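Listed next: structures, encoded as structure tokens.
After this come two complexes, each holding chain A, first together with chain B and then together with chain C.
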Partner chain A sequence: MTDMIEPVSPDTLANGSAHVRLGSNAGQPLTRADGRLKVTGRATFAADNRPDGMLYAVYVSATIARGRVTHLDVDAAKAHPGVVEVMTPANRPPLARDPDAKPHPFALKVDALQNDRVRYAGQPIALVIAETLEAAAEGAVLLAPAYAAEPARMDEATGEIFATEIAGFGNPALFEKGDVEAGLAAAARRVEARYTTPAQYHNAMEPHAIVAAWEGDRLILDMPTQAPALSTAEFASFFGIPPQNVLVRSPFIGGGFGSKAFATGPYLLAMLAARMVGRPVKMVHRRDQQFGPVGHRGATRQTLRLGAAADGRLTALDHTALSTTSSFDDFLEPAANASHNMYASPAMRMAHQGLRNDVGTPGAMRAPGEATGSAALECAMDEAAEACGMDPLAFRLANYAETDPQTGRPFSSKALRECYTAAAERFGWSGRPLAPRQMRDDEGRLVGWGMGSALFPCPMFEAEARATIHADGTGTVEISASEMGQGALTALAQIAADGLGIDGDRLDFRSGDSSLPNGGIAGGSGHTATAGSAIFTAGADAVRRLAEIAVADEASPLFGASNSGVEARGGRLHRVDDPSRSETYAAILSRAGLSSVTGEGKGARDPAAAESRAMFSHGAVFAEVTVDPDLAQIRVTRLVGAFAAGRIVNPRLATSQLTGGMIWGIGFALHEETVYDPRTGRPMNADFAGYHVPVNADVPSVEALLVEETDRHVNALGIKGVGEIGITGTVGAIANALWHATGVRVRDFPVKMETLLG
Partner chain B sequence: MNLFDYVRPATLGEALGAAAHPGAAVLAGGTNLVDLMKAGVARPERIVDISRLPGLSEIETLEDGAIRIGALVGNAALARHPAVKAAAPAVAEAVLAGASAQLRNKASVGGNLLQATRCAYFGDPASACNRRVPGSGCDAKGGDRRGHAVLGWSDACSATNPSDLLVPLAALGAVVEIAGQDGTREVPVAEFHTLPGADGDAGGPQLRHGEIVTAVRLPADAARFAAASRYVKVRERTSFAFALVSAAAALDIEDGTIRAARLALGGVAARPWRAAEAEAALTGKAPDAAAFQAAAEAAMAQARPSAEDNAFKIALALRVAVRALTLAAKGTPERMPALPASVFAPTLSAPSPSAPSFQGTAR
Partner chain C sequence: MPLTLHLTVNGEAHRVDLTDPRPTLLDVLRERIGLTGTKKGCDRGQCGACTVLLDGQRVNSCLVLAASADGAEVTTIEGLSADGALHPVQAAFIENDAFQCGFCTPGQVMSAVGLLAEGETGGDPERIREGMSGNLCRCAAYPGITAAVMDAFARMEAAEGERADDRARTEDRARQGEPA
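So, the complex of A and B:
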């Protein structure tokens, strides 16, 4: 849908330099820069590294969820040919920091053999280091752990429910506005419904993997991380070394989804192992080891109470969530917070409680809170629309939030109406019968249509970048950004080329290494905005320095122009008042006798803008499901989404991100679920034969439209984010379409066929 | 993974000698055994790699019209073989409804016959499992048994056989050819896996240690059903998932009367469940909804849930059987559907476009 993209922006950016403009490279639907490397197998992922002398480590996963390890047969493991060392709590080298400490509120406790306690199935309880992977794996088997097991607490009946002030990463767990009870009492129509979502595990294609090596007091790490430079301080703190002594190389990440943003117990053990044996150590998780120590999306039980007046306008919106976390840490899926900013209501209440179970600590998983919360909210809105006898889209338009319902602030931009229109038109929503079970395909299968609104915040974190113009007129931009399949290398390089005013093929874009300027974190859908701002500013800074040289140089055709009187494009500086007077970067540097000029830049949210505006990406998703009326087989036969996310840097890759999010929504609605044994707490489907995500046959038609949106507040580049919003809206749209097809309200995810069999 | 010897015998005789070793396991496509080894479920001391043995990779039509399928024939090759497609289209449809294209290229017919149950407790060495360690108990009891058996199970085991291929093979009366050091023998596919019994006996494949499956033979009789046979497979995901329930139905219809019928169900028992009562009930009847309903009810008459969470499979299996019979009666499709065995495969002559093509019609 490139035709819907805003053309080259005429806006001059208000970020300190008028020399460069976004738009020559940014905005183009380039194919991904790393595509060829990946399809030919030449992209080097962490597990592809094999430094000389490297050993293999395999950690042992606890098979109970609660209790103590009473015995490990270390002698048997060590006697196995090829086994070099066995690490247990008895001989684990000391760490400089307690893995159970929380030095800052966002820190998660990790399990690094600090004692013999087991607090979830899959927790590391020992590690075997060997000459080969096979020997390490067999050593792990030979350890044959014995346990003193206690009953696992895996549900509401056995777990402890607790009050909380915080949900997610530092968000208030309670928000109240107006009088919800009064709003409900005054309502002409009321809906109350309870929804459940299961524990889901990230399961990126690439499992967690690390090759750790020590060179004296320097720690060299090849590992996939969503925050290469940012993570050095955290790793260093565990070993009592300065952050600059840690080098993280993370050129390619095979999917992260929030699971590769933090230190994990197994990662620390691999680093310890390398120090213990004095050789590089590689550790790659087995697929089942992704279920436990690297975070997950915690299960939720959500209750929605909606009141609406006769005209369909909400009188109250009450969303409460019970979010499951571990027995020892506090991350709670902030599900109810998804209702903060979507619909206008005079009375609102969003509240959370925690439930302690014997599971690993959950964490951020693609759209944390928004995915689970939007699923419940959009279902409840559909039920409310039905109660009001209204078309679901008309009902949402009746409750359109002109200002942010939570803060009352104006939105920095909000093209949600345009999203509704574009997606509804493309989908063919008009003419949809209100009542369920009205449509059949020509094979007699039930067909239903449903929709949901999509929303995701536009955070910015902090990032730094460096840009250099070389004597030959080429440019280099350096930033420790994260390419995790989303296309960051491509999109950020497009911004970088524009920042330097050069063509993309004249740019050397260096990324994925912690020794480069700190690119922050690829998370929260804020990477392009944050890293992109730093990159663009750095480029503009370099060009400004070059312009200073040129306008002061009597031999330059630009001599005498004011600094703001020149502009850069195509590797040349031009006089604004006479574009025919221009000079190449190379000529300017050559005459000045310089080999290069370097600029620096930062990316961060403008605090004033953050205080005055509410900033979100918006979207609308429409779903068609087809259901076999006898066999309850479900297929999402069509999905159409339209999204407004500010400036789109690369429409091809943005569409891919949005489409991927929508497909994730199909998996959320119909497939993804962790099945725990209720007695042992072990995930019993910890592989791709049992833990299902959609396959191609499940996604016959998925379309993401990009809706034009100009945002002058979110950041100077006008970039929001597209990484997570595709899931939101989609889950509800599918569930609502299922109701429309069958007349059955599904409130427990994933939907099982027995729910529909009747 | 434990250390093991690896041998690659050159002849069947050598292979039988090597497989007789007490800790030996036979490797063909490896799509199941290697997974089980990585999970620690199988810990063989010796791998006997038969994947390159001569003479086991052919599909031949015998003089009596039977089709002999070598044990090393790949699943993909089986599904596209002209003789198989012509005589037993439901076999091809079942194969194509299973696994992924990559796995079908690698997996063998003999390996499919011996494919282990996908019960999560069988696949988890930390769980008690009578099927893995006879007499050790069954931790599936009290755990997740949504996919478990509703026919032929016992207190010892309620796991199901995961194969798609075996369902039409059982329906059509295929026979397993087995070689051992003492000679050869044959077992019907439908009886190849014994049902669980009492006292921790989970049952299992009727293959004595050291024996090797050499072929599966489809009787000539199978071809009489070629014009009216289907496989239907139901699962949450549209592809690349094991069946919750499946059914192979094959009818020989003449002058509006069913002369003979074949029906087997998958996903409901420890083996493909040949429904002889249903077949008898259909014989001589008109191929209509009432007959199919009665047949399906006969097939499921003895069914009982092995746990609360699989009770729905009884009603589901009944409906899947009816669907398979109904589709079979409509006639084998001229071309393999793009979604083999799926209820979303078009059954009308005109394929449905993906754009909304339906008319809103009140029910």
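So, the complex of A and C:
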């Protein structure tokens, strides 16, 4: 486990933190601060709001993927009792920003009834507002849209393939190092394989939901968002109002996984609806409406070419991806980029192309790029290990990257070797037969063991926080952080208490509201690091101000100590040279006649560190599967992962994040797939009966071990991130275990029984 | 077709006047009575987020037409614990970190309470996983959920055992003519 009492190096913090240390609260495996609210049903999610006078809105989803809406029976809908208004492109109030514009690189085009075109199934084409949910739903049915449909382009044969310079969020689509063809030519062993991954939909248990209300030109929104403060500017730009006129309240997010970070068309329509009727409007997506306008993980076709010398060392690594996007926007799943930083190879090439299909625009879904790309990479590495006659773990160790293969920079920290050792030992990997089909369980089922390496970058965004020490010695920390299950309200409060040098029960942690200082984005596994840094420096800043008052006050036992000669603990300042001389925060403030003292802090990556180091969380995942030899029924009987992610703020919550990610790996490997009707372009399985995610019975044994890692470069707190990495090694580990059980290489996800039957 | 429903929810009598017969029990609880602890994840009986006890049985309340539940007794997550004390299942959920975002949690907790009342699991993890598989958790808190249900099972068994012992002792004393 990470060393929890490691002092923060003060020189790298934006504000002086010499007085406070991480470790009294941070590092403790506390249960969730919001646990009681969540088990009693009192945690309020967006759809739980019912302001007075509220109406219900239901939007109509296009049932074709391409064409035009030629008719909507507005009269029939309006005639239905309870229906108040119907919004179509004909009467949709104007927006100040073109929904098809991209004013900044992260903006996605949205569908907000700008015209009668349909460009994917599930696109909103009208909206009904009614007194009751039932009336709105019925009104939506009565609109009975008629279409002029055009043939849907749903595959490589019909869609346009295009070159691109950008993959994912602004990443270069091409990376080349050395001579890949020469490396392959010189290799003693070569592997070439093609992998496919399907469109996947986030399907957080909480459907997208919004309650929108206007107070004059102020917009009040109850909605789940992974970026409360940042989203105000986005929404404001659509209505031509200043960002401070938008209030977003998002105390709890019922799962986001990347789908709740962006403005969407349906959300804009709900805001427009509220303006149209002059009353608050609630709009909650139906489950099938989660398939379309809220992003998804785009399908990929990936080709891996690996060359290895006789000793197993890679001579070339070539990873190309064809990523599917919509017909009208450009987000491409950056799958090949997952090979940038994992294994040492003298020659590397990672390249992307785009494929335009008539689907909604994909976006970030838990480990975008890394999940799809590492699935293919880890399978290909396994095939290469087999070609070299090597144990898969030994093969990976032979290609261990001591420095970042992409940039040549040293890693800020990398305890991957320790992860391999810890997970392999716990799993019992040694003695695994090299050849497949060698193991059976008591019931005669085939048993296979496989492994994969896990990796995820440690980005930081920008965040601000405010910390206040009150006259009674309690503290308040304010930041618009996002609680979406990762445990922000718990872990960030632990950091906040340490930043203020007080006990956790003396802290009031305020979050989840856009009027608070910008907490950045809960995404990219960077929220705890970014928001945590802002919070900690804000607390340290407040304590510094308090220390200045105390050391200058003759009546204080701290008088005369230099400002850096005092430190904060348990709500008191102590002299460093004589810790018995101390004074409570309350006493210092009361003598100074102050009711409070407030500090501010920012969290962001230190640019110098970013230039000099490569920063990643690492891990290793081992999987055991059983396969029925006659029916090919698959069970993942055991998963063991070990992860090194810098300082762990709360081991209990981090472990849950990691096991949750690993179980997403099970879903990726075996369950999740959107099947589109090739004629209409409509998802045929847009519900939980057809779109399978793991259930409890699919998960008999999943374990995540935390490997100690101290990182002095990633940020002053040494925090990396654990939200997404769990999925990355797991998919490959399961696929490789399936080969080991059956001798069949599986290259198309999700793996189906029929593939194993051959 | 207006109709009037009588429901006892968490021990409290409710009269609900409906303008039409379409609402589900889930929507009546959430949108009419204002008990929003019960969640809607799919509205199709496929996720379990809306699980409540209907006359003691766990049901997906999105699949129950409210009109068909006239006269029924309903227990929702809000009615599970009295006077601020947590039900053993609730306490075990917190201790075993059996949730992340918490959206599925009211349904999971009610489903676990129902499952334990059904008395079929014998505390066996495999049967618990099976019995809880109608409740999806996209955060995938399944290891914690299973551990929590096992934990709650053990606690409730122990408490039941103590109660049985107490009863036996009281009866013994009564038989021997001692004051209880």
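What we mean here is this: the second predicted complex is superposed on the first by the 743 of 758 C-alpha atoms of A that agree within 3 Å, B and C clash if a C-alpha of one lies under 4 Å from a C-alpha of the other, contacts with A are read in each partner's own complex, and residues count from 1 in each chain.
The criterion applied here is as follows: a contact is a pair of C-beta atoms (placed from the backbone, for glycine too) under 8 Å apart; a residue touches a chain by one contact, two chains touch by 3 or more.
What you are looking at is a predicted structure, and each value in this text was computed from that prediction instead of being measured.
Q: Counting only touches as set out at the top, which of chain B and chain C does A:P700 meet: first, second, both, neither?
A: Both partners, chain B and chain C.
Q: Touch test for A:M684: chain B only (first), chain C only (second), both, or neither?
A: A:M684: touches chain B, not chain C.
Q: Applying the touch criterion given at the start, work out whether A:Q486 contacts chain B, chain C, both or neither, answering first, second, both or neither.
A: second
Q: Taking the superposition on A as described, I'd like to know which of chain B and chain C A:E134 touches: first, second, both or neither.
A: Both: A:E134 reaches chain B and chain C.
Q: Figure out whether A:A608 sits in contact with chain B (first) or chain C (second), or with both, or with neither.
A: Neither partner.
Q: Under the stated touch criterion, which partner chain does A:A157 make contact with: chain B (first), chain C (second), both, or neither?
A: In the superposition, A:A157 contacts neither chain B nor chain C.
Q: I'd like to know which partner A:R437 touches here: chain B for first, chain C for second, both or neither.
A: Once the two structures are laid over each other on A, A:R437 reaches chain B alone.
Q: What is the shared patch of chain A, the residues that chain B and chain C both contact?
A: 81, 134, 138, 286, 689, 694-697, 700
Q: Residues of chain B touching chain A in their complex?
A: Of all residues in chain B, those touching chain A are 1-3, 38, 40, 118, 120-121, 124, 126-127, 139, 142-144, 234, 236-242, 244, 312, 315-316, 319-320, 322-323, 339, 342-344, 346-348, 350, 352, 354-358, 360-363.
Q: Under the definition above, what is the set of chain A residues touching chain B in their complex?
A: Residues in contact with chain B: 63, 81, 134, 137-138, 141, 286, 428, 431, 433, 437-443, 445, 447, 624, 626, 628, 630-635, 637-638, 670-671, 675, 677-680, 682, 684-685, 689-690, 692, 694-698, 700-701, 750, 752-754, 757.
Q: Which residues of chain A touch chain C in their complex?
A: Answer in residue numbers: 31-32, 34-45, 47-48, 50, 81-82, 132-134, 138, 202-207, 252-255, 257, 284, 286-287, 483-487, 652-653, 655-657, 659-661, 663-664, 687-689, 693-697, 699-700, 702.
Q: So in the complex, the part of chain C that touches chain A is made up of which residues?
A: For this pair, the touching residues of chain C are 19-20, 22-23, 27, 30-31, 34-44, 46-47, 49, 76-78, 80-81, 86, 90-91, 93-95, 97, 99-106, 109, 125-126, 128-130, 132-146.
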